[in-house]
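Each of the two complexes below includes chain A, the first together with chain B, the second together with chain C.
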Partner chain A sequence: MGGQDAGQVPREGHDFALWEKRVDALMVLCSSKGYFTVDGLRRVLEDMGEESFETMTYYERWISSINQNMVEAGAYSLEELGTKMAEITARGETYGEASGG
Partner chain B sequence: MPHDHHDHSHDELSPSGHPYRQDNDEPLTYWQTMEIAMRELLIEKEITTAAEITARIEEMDRRSPADGAAVIARAWVDPEYKAHLLADGSAACKAMGFEPGVLRLIAVENTADVHNVVVCTLCSCYPRNLLGLPPDWYKTRAYRSRVVKEPRKVLAEFGLDLPDGMTVRVHDSTADMRYVVLPARPEGTEGMSEAELAQLITRDSMIGTGVPKTPT
Partner chain C sequence: MAEALNSWVRVREMMPPGHVRTPSYLRGKRGQLERTLGPFHNPEKLAYGLEAEKLSLYRVRFSMAEVWGDAAENPDDTLDAEIYAHWLEPCDAP
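Then we have the complex of A and B:
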């Protein structure tokens, strides 16, 4: 997207939430263990298209890409992920409840 | 995959007048659920452990622009170290006890004629091992799109008006190379100690969207 037109650079920041820090940690750990590389992360991010930059937050894009890479690497299957996600959703309505703190 | 999972507008303000921020007591989102699921699966399969994840977060939390400022201040007072930093950024950081990681770190020097600024147009590559995690604006579409095309205008929005005669170099990071700007030492700092100098070096001055503070 380098060179495209865009509006003013938004300057507000936010503190990283715990789940975002965990996504970051998972990226570093999975790549350092050889499951995939930064190039793999970027490949999936770029495949998502520009629309994802408007509809998803930064670490939402990351978790989606890390997941795609880990499934491709055979770390777990989509079925295992789906089962686990359903189990987690049933635990509670907030991140704190669902993640066990 | 669903994109419409946002539970409330980010424009709303809390009763105390602050924008809402994602936290652990807000409604669980689809992507948060995915994060929990992946983390638990990887722990169950013994690919990682909860302790390893926590240690990694603590490690990242410890890194901050103060690390980079210490490196820059050393380069300002020690010509030999400066030459080392410009020749091999990764090794020079390591020499000061900052683990540079596997990526190549390249320091680019601001002079009286040249101003450098760093971006990652493809995603968000940033010298995070030296400066901590990038600020949100560094990752925005607006910064990444525009700084390569109209850097002077973007820098002016950051409050940095560069003289017309100054060359602006924009460095686009890659997956294997990270840039850090070695800002010019401000005038009037001749008698200052390395520690005092480090206080003048801001995060933005090492990205190139700012310059060091001047001594008061």
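Then we have the complex of A and C:
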């Protein structure tokens, strides 16, 4: 990161989970709707600090940044976000259970 | 800012916190304008959801000697970086 020393770059590819593809699609959707741009995505990723690069995966960082930008853009309130998160959590732990709600 | 091809510029040394596109390892370094790009909206304002004026973006060519000093393995090799107009100021050749 930022020109610092680091280990070997992993060269093998990997598949993305469904939720990761959805996060990617969400970014396209939010920016095409005019809520924010990739500049805002990057700004929040950077503001999350170095530790987040060690403790969170790529798309975990993305969804945190997308959410922060959407709140700032006024797309939804924290109260609306919290209510929706609780509603979906109550459906169950798996994709099948959650999407059936 | 001079826009003539090959004119010498220095990257401003400021270190404001926040989203900027200028690599920190190039701050204060001198290079030559390789080409003009853009104009593009200022990413430092877009990043905060603000209205952003359009700025020229310059591709600037730095020598490894300038970037790394005595540590440069190949001092005559070059590195190109794209830097927005407000980060550059005219300077004399080193």
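Quick note on the criterion: the second predicted complex is superposed on the first by the 97 of 101 C-alpha atoms of A that agree within 3 Å, B and C clash if a C-alpha of one lies under 4 Å from a C-alpha of the other, contacts with A are read in each partner's own complex, and residues count from 1 in each chain.
The rule is simple: contacts are C-beta pairs under 8 Å (C-beta built on N, C-alpha and C of every residue); 3 or more make two chains touch, one makes a residue touch a chain.
Here the structure is a predicted model, which is why all the values come from computation and not from measurement.
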Room on chain A for both chain B and chain C (clash or fit): fit
With the two structures laid over each other on chain A, which partner does A:T37 touch: chain B (first), chain C (second), both, or neither? both
Is A:R11 touching anything from chain B or chain C once the two structures are fitted on A? First, second, both or neither. first
Examine A:E46 and indicate which partner it touches, taking first as chain B and second as chain C; both and neither are also allowed. both
Between chain B (first) and chain C (second), which, if any, makes contact with A:S99: first, second, both or neither? first
Is A:E72 touching anything from chain B or chain C once the two structures are fitted on A? First, second, both or neither. second
May I ask you to name which of chain B and chain C touches more residues of chain A? B
In the superposed model, how near does chain B get to chain C, counting Cα atoms only, in Å? 6
Indicate the residue numbers of chain A shared between its chain B interface and its chain C interface, in ascending order. 2-3, 37, 39, 42, 46
Residues of chain C touching chain A in the complex: 18-19, 23-25, 43, 46-49
Residues of chain A touching chain C in the complex: 2-3, 36-37, 39-40, 42-43, 46-47, 69, 72-73
Which of the residues in chain A come into contact with chain B in the complex? 1-26, 28-30, 33, 35, 37-39, 41-42, 45-46, 50, 52-53, 55-56, 58-60, 63-64, 66-67, 70, 75-76, 80-81, 84-85, 88-89, 92-99
Once bound in the complex, which stretches of chain B touch chain A? 1, 3-4, 21-29, 31-42, 45, 47-48, 52-53, 56-57, 60-61, 119, 121-125, 133, 135-137, 139-146, 148-149, 154, 157-158, 172, 175-176
